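Some structures to go through are shown next.
In what follows, chain A forms one complex with chain B and a second complex with chain C.
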Partner chain A sequence: MSELSKAKHNRIKIALAGTPNVGKSVIFNNLTGGRAWVGNWPGTTVEKKVGKMRIDRQDAEVIDLPGIYSLTAYSLDELIARNAIIEEKPDVVVNILNASNIERSLYLTISLLEMGANVVVALNMIDIARERGYEIDVRKLRELLGVPVVPTIAIKGVGIDELKEEIKKACRGRKTPELIINYGDEVEREIEKIISVLEKDPALIKKYNKRWLAIKLLEKDEDVIERVRKSQVASMILKQVEKSIKTLEEALGRDIEEYIAEKRYEYAFRISNECVKVVREVPQTPSDIIDFAITHKVFGIPIILSILYMAFKFAFDVATPLVDLIDWFFAAFLYDIVKSSTLPEVVKSFLADGVITGIGSILVFLPNIVFLFIFISLLEDLGYMARAAFIIDKIMHRWGLTGKSIIPLIIGIGCNVPAIIATRAIEDENDRNVTALVNPLVSCSARLPVYLVIAAAFFVAYRGVVVLSMYLLGMLLAIMMALLLRKCVFRGPSTGFIMELPPYMTPLPKNVLIKTWERTKRFLFKAGTVILLATVLVWALSVTGPSGYIGTEALEDPTLLEKSWVGVIGKTMQPLFYPMGWDWRAIAALFFGFMAKEIVVSTMAVLYGAAGEEELPKMLSMAFTPLSAYAYMAFVLIYVPCLATLAALRGELGLKYAILALIYEILLAYLVALAIICIGIPLGLK
Partner chain B sequence: MPLSFAPEGHLVRVVCIRAGRGLSRRLIEMGIAPGKVLRVVRTLGAGPVIIEVCGDKSKSVSDRCNLCCTSCGNRIVIGFGTAMKILVEEVARRE
Partner chain C sequence: MRRSAPLMHIAVCALGAIYLIFASLMLYNWIITVFFPTAKLLYSICGVFIPPDPGSAIVLATTGMLLAGSVYYHYDRYKFISCVLVGSLLGSAILVLQLLTVIANAIDAQILMLYGEIVEYGLKEEIMRPDVLLGIPSAIVLYNSVRELRKQW
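Our next item is the complex of A and B:
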């Protein structure tokens, strides 16, 4: 079978399998030099990721997979992993175990061995096992499993070379002996019977291990049943299976599927008991003490909010000089060079009033955005995500969601696109759909420049509070909208969630930097493509109009600008926003902002003819009142997901739900902005 | 009583799991089967719980756990919906 797949793809395939959060992605990066996303919570990887590794002067394909506990999938990401192992039949499966949690890791190892996979075991996180006072007898483990076992500390690169050696050896075709667990006489007898029927289809048992097939059929594995259905003796096989299940369930007096799972777990427990010794007693760890505060019933949420607020405030204060520097570079230095050059007037305006003003108005906030990215990366690596799922569950289940939904919502603060994909790790289908649909309401980094510009114009003294209020508003609306969707569209009880709680870890500077850089790169790429194009478009539509070319003076003269295409767009839409009292230029900015929300700022910068983070707020303070500006911020937060987010929603949920998201967001944005005005005016706010 | 109502710091034994096929199976695969002893590390009172799996039916507490499981450290968060489906009985008070 391994010869066959090699001939087909002419390339060796190595899959990484293991329980969630054991360090598969770190090992993948070590083996391939790749940059798979690494984070300290179960469910970081939700997609297959392929890399390359040299084996005997040949390129081998290494596949990083989402975490799984067994070969029976329970959520979408697990299905991806399961299919990669069962269908694609990798030549070698590197099974990564958590040394500090062997018994739970071994369940999968046993399942893989039963299947007859060519397994190499990496015993990862031995540093944590030692910290907890465990000593693991590697030789014994090797003996009991009958496969190579390599102890590793992936984050330090310990044991990686040995692992590579073992993988190479396994690639050269050493077949692992299949593991046989005795499930008890009665079950074994039925397994025999099923096998004898299976043997009537040689094609089937050539493809899969027959004992494994028989066990899986007893376990009522739907996917395996489907496969067997294609056989020409399907009816015979299935009849025998049905009979066996009936006999066994009567004899055992319980569900056969659970019985088999329990037996397998018992076996794992026995192996772990034989290989793991407690050599040292470990009293309460610092992790326990931190957990006591973070997971506190009453103080858990306030504690984390105040930590975040202080961190934010600190970072923004630190960022200020950097922001000023970038501001000077674009608004003064570059702008003046172009303006005082001898280029033709149109080109000068295009470069200075269009490109430099537009792009500069976004890039000034690069330091703030980078700090935001650092925070999210730190939260991911510390191990906070699973704790957040715990404390928020108490609130979320009342709203018809599960605590696990908070993880994609937190990731959304960086960018909604990966966050929507991350919902795959949520088990319940309704929960997953709802979490993806409300995700665009979470304030992503693209909206930060809008808040910062407006806060600088109106709320200098309360800048931190005002910006934070937008984030909270986004979260609140997301949760409320989720309730509504759960009650109206995706009905039915939630099955809840189960998730291992990873230990707190000190974030590795390297990993935090890589992740921050990857996110920043995406932002810079966007600035250089979509935002740049939009800015050019806005400039072009500002200097031309229904009457033809107006001239670059339009950008300095508002009455002239009204006659441009942008003026037409803004003026046409203005009556819609009559109650909010927004300037038509701000409304035109909303029009262009559907491509990416940063474009709201760059468009305003071009239209108000103001570059940088000092000029623009000054112009805005004339065009808005504080109240209408706050309503505008809320509107930008909520209205339409950006194009990339819509595409992600379409990919995960289909076109229908992407359109649903688009429509509900526009309506919600309008309602919220209106509500802010309607509540604000009677309160005497302006 | 449902696991959701079990008091913090107590040891409980799983009596039965009243859940659909997929969920019961997943719980067993993670070591939460009828007969197992769990330590309730944290509860929010009629909400989600954090537990540690301490041992099997033969012994009240596993060989591996010293200090009555504080050093086990392999904790699992169980959301409210799931915690209501796991029925447990109290085993002993800690200390």
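Our next item is the complex of A and C:
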């Protein structure tokens, strides 16, 4: 035990800190060979991620952190970053600056240096700075900051070797000189006074830099105050701090916190002024020019719709041959092999009508899902997703909702679980709760098989649009629910939000493939675990009933199937859905779909005895009408968050809210499905 | 250059208008198929098939709006180029997607033969569509506006 903790203690720790979206995760991947998630928008990383790097034949721990602008934390992800730096005291902090916006990045650098951290600066994105016509005097910057500065282009690997070298030097014990900003005579005097009281607690000043501590106390940093409270001389310190603040605010005639921040900004401005030269006047960058039309108040939304539609066209139409190939493999090839084998009847039925039919019915959609993931990853890396968020923010803002909710909602299109975790980037607790609670309404990729099966039965010619309409319905309901929750449950003012639009970038094939693979992996894992188990369960409940074993013929004979357990479940629930006119087998599928929404499809495949992507739609076209099928799709979209999503909600918000989500979604799903039927019939739809 | 500018405006605007017209025709056909199944469809105009596809209609309408709307910003070079660029990008993108779809369908027909299924698919209808035909001038406009933009950097 002690051995282990000692080894842990001795390991060199390197933390990556910087403003959001400067390329920390790319540098992390470069240093460690890891696969941290990289995306062209602020708030991609919301948890710390640890990797390894070799330094002098020793393993060093490299930590990727969420982006921060300063060491004052407002949101959960910022708190994670701040604690990793202040509490865990890494041996080296690699501070990554955005070369195209040094002034904004330097505030954090200054805070780090004041803290006495051992800093190595990576000046990233110099390619973008050049594109904008800036040239940066690296030597000057090095001189002014007093720390090594390495220019890098992380995505191309430029400067990474030099950066590694500098990190190694820093690890070997080269120490950064402490930065002392002169805050003016009055403030300096008070800082001195506070330091002299702090010195009464040697343990405290051994742990933290005393000058930094004094300044933070003057800034009324709550977290630091909490820490100081644990000291034996806490009351003395806090009394002195209170006195100093009072004296200073009287002398300066203003808020001391603001004053100190301003001094730091001034300092940052001075440095950037001295180091950044504008070598070329660039009136407007290509990004700016393109953004005029992309974020236009009239064109913006139609462009989003067009791109979404194209995503679906790409995912559905272009992937067709692969779908058919997989379908052939499961429904014809494997199925026939098993059926024509000499295994006992029960085993044959279990394998063919249960496992192969069930899993096959999901896996045929793998190409569609992969293609959609590719498209989404491309849009993300290109920087379009950030624009989409910006446009929707303009609308949401008018309704009193924060635009920060948008990014988690967009991430939800891939999967709701990471989306709910991404809400950590939202500062305001009410906003965060609401965003997480409405997130399951966003249509994730697990719903796709359901839409595609039903679309293949009824809406072949325009399945792209039908699926698009589901995504829009989900988004719309999410926004409406957010408004409702904000008005009724989580009342309070909403925080403002300024979205920084990152420049457009050519997506890197490697990064797109990694992201697509990571997302696909989750889908495959689900298919091999939850979906497989559920399929086995459904098969078992179909061949048995209250009267015991009824035989595998049940899967071919609907009247016999009604006597099975599944039949009992479906038939019992059927009266509830009387207005929608759904078949009891479809209703039983909803029951099992609670585990994961793909299971709705695999269950239907088993219950309708339809192997393959061709046959199931054929069976469904007899069981539904187009209108009732559309209502069914909407119901599946909304009705319950899947188990994984519920677990994520529980983890982030607590059990109470997870249950709240469960209840409101069931009610909402029922209402929406009913509304679709009630509106559709008078319109002459069937 | 300066003299050709109005001509460019007119050409882009006209292309945008054609996009809008075809978008509304497609939408019209779709509404007919869904709500009035007994009424007659506008199957084709001058050899151009009008699929009842509301999704493509959205893309065509957006492209048309951007191209035609760009003229509204004729006084500002950047704004004008921005609209033309994004509009023609959409127009070209849907062209590429439709061509990919055609190729995919052709491959698919081969795969379906594994089942012994013979599928007929109308190549002509897949290609003589407004999104494909209009995509060609769109791609030319895209090429030109990218070149125009390049000149600056």
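Keep in mind that, in the parts below, the second predicted complex is superposed on the first by the 670 of 686 C-alpha atoms of A that agree within 3 Å, B and C clash if a C-alpha of one lies under 4 Å from a C-alpha of the other, contacts with A are read in each partner's own complex, and residues count from 1 in each chain.
Please note the rule applied: a contact is a pair of C-beta atoms (placed from the backbone, for glycine too) under 8 Å apart; a residue touches a chain by one contact, two chains touch by 3 or more.
Because the structure is a prediction, the values reported are computed rather than measured.
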Touching partner for A:107 - first (chain B), second (chain C), both, neither: first
Which superposed partner A:269 touches (first chain B, second chain C, both, neither): first
Partner chain(s) touched by A:343 [first = chain B, second = chain C, both, neither]: neither
Which superposed partner A:286 touches (first chain B, second chain C, both, neither): second
Partner chain(s) touched by A:69 [first = chain B, second = chain C, both, neither]: first
Partner contacting more residues of chain A (chain B vs chain C): B
Set intersection of chain A contacts, chain C complex versus chain B complex: 282-284, 288, 291
Residues on chain B engaged by chain A in the complex (per definition of touch): 19-31, 33, 42, 44-45, 47-48, 50, 56, 63-64, 66-67, 70-71, 73-85
In the complex with chain A, residue positions of chain C that touch it: 30, 33-35, 51-56, 58-59, 61-63, 65-66, 69, 78-79, 81-83, 85-87, 90, 93-94, 97, 100-101, 104-105, 107-108, 110-112, 114-115, 149, 152-153
In the complex, chain A residues that touch chain B: 69-70, 72, 74, 100-101, 103-104, 107, 132-133, 220, 255, 257-258, 261-262, 265-266, 269, 272-273, 276, 278, 281-285, 287-288, 291, 295, 297, 386, 389-391, 393-394, 397, 402-404, 493-501, 503
Chain A to chain C touching residues, read off their complex: 131, 282-284, 286, 288-294, 296, 298-299, 302-303, 305-306, 309-310, 312-314, 317-321, 324-325, 328, 332, 461-462, 464-465, 468, 683-685
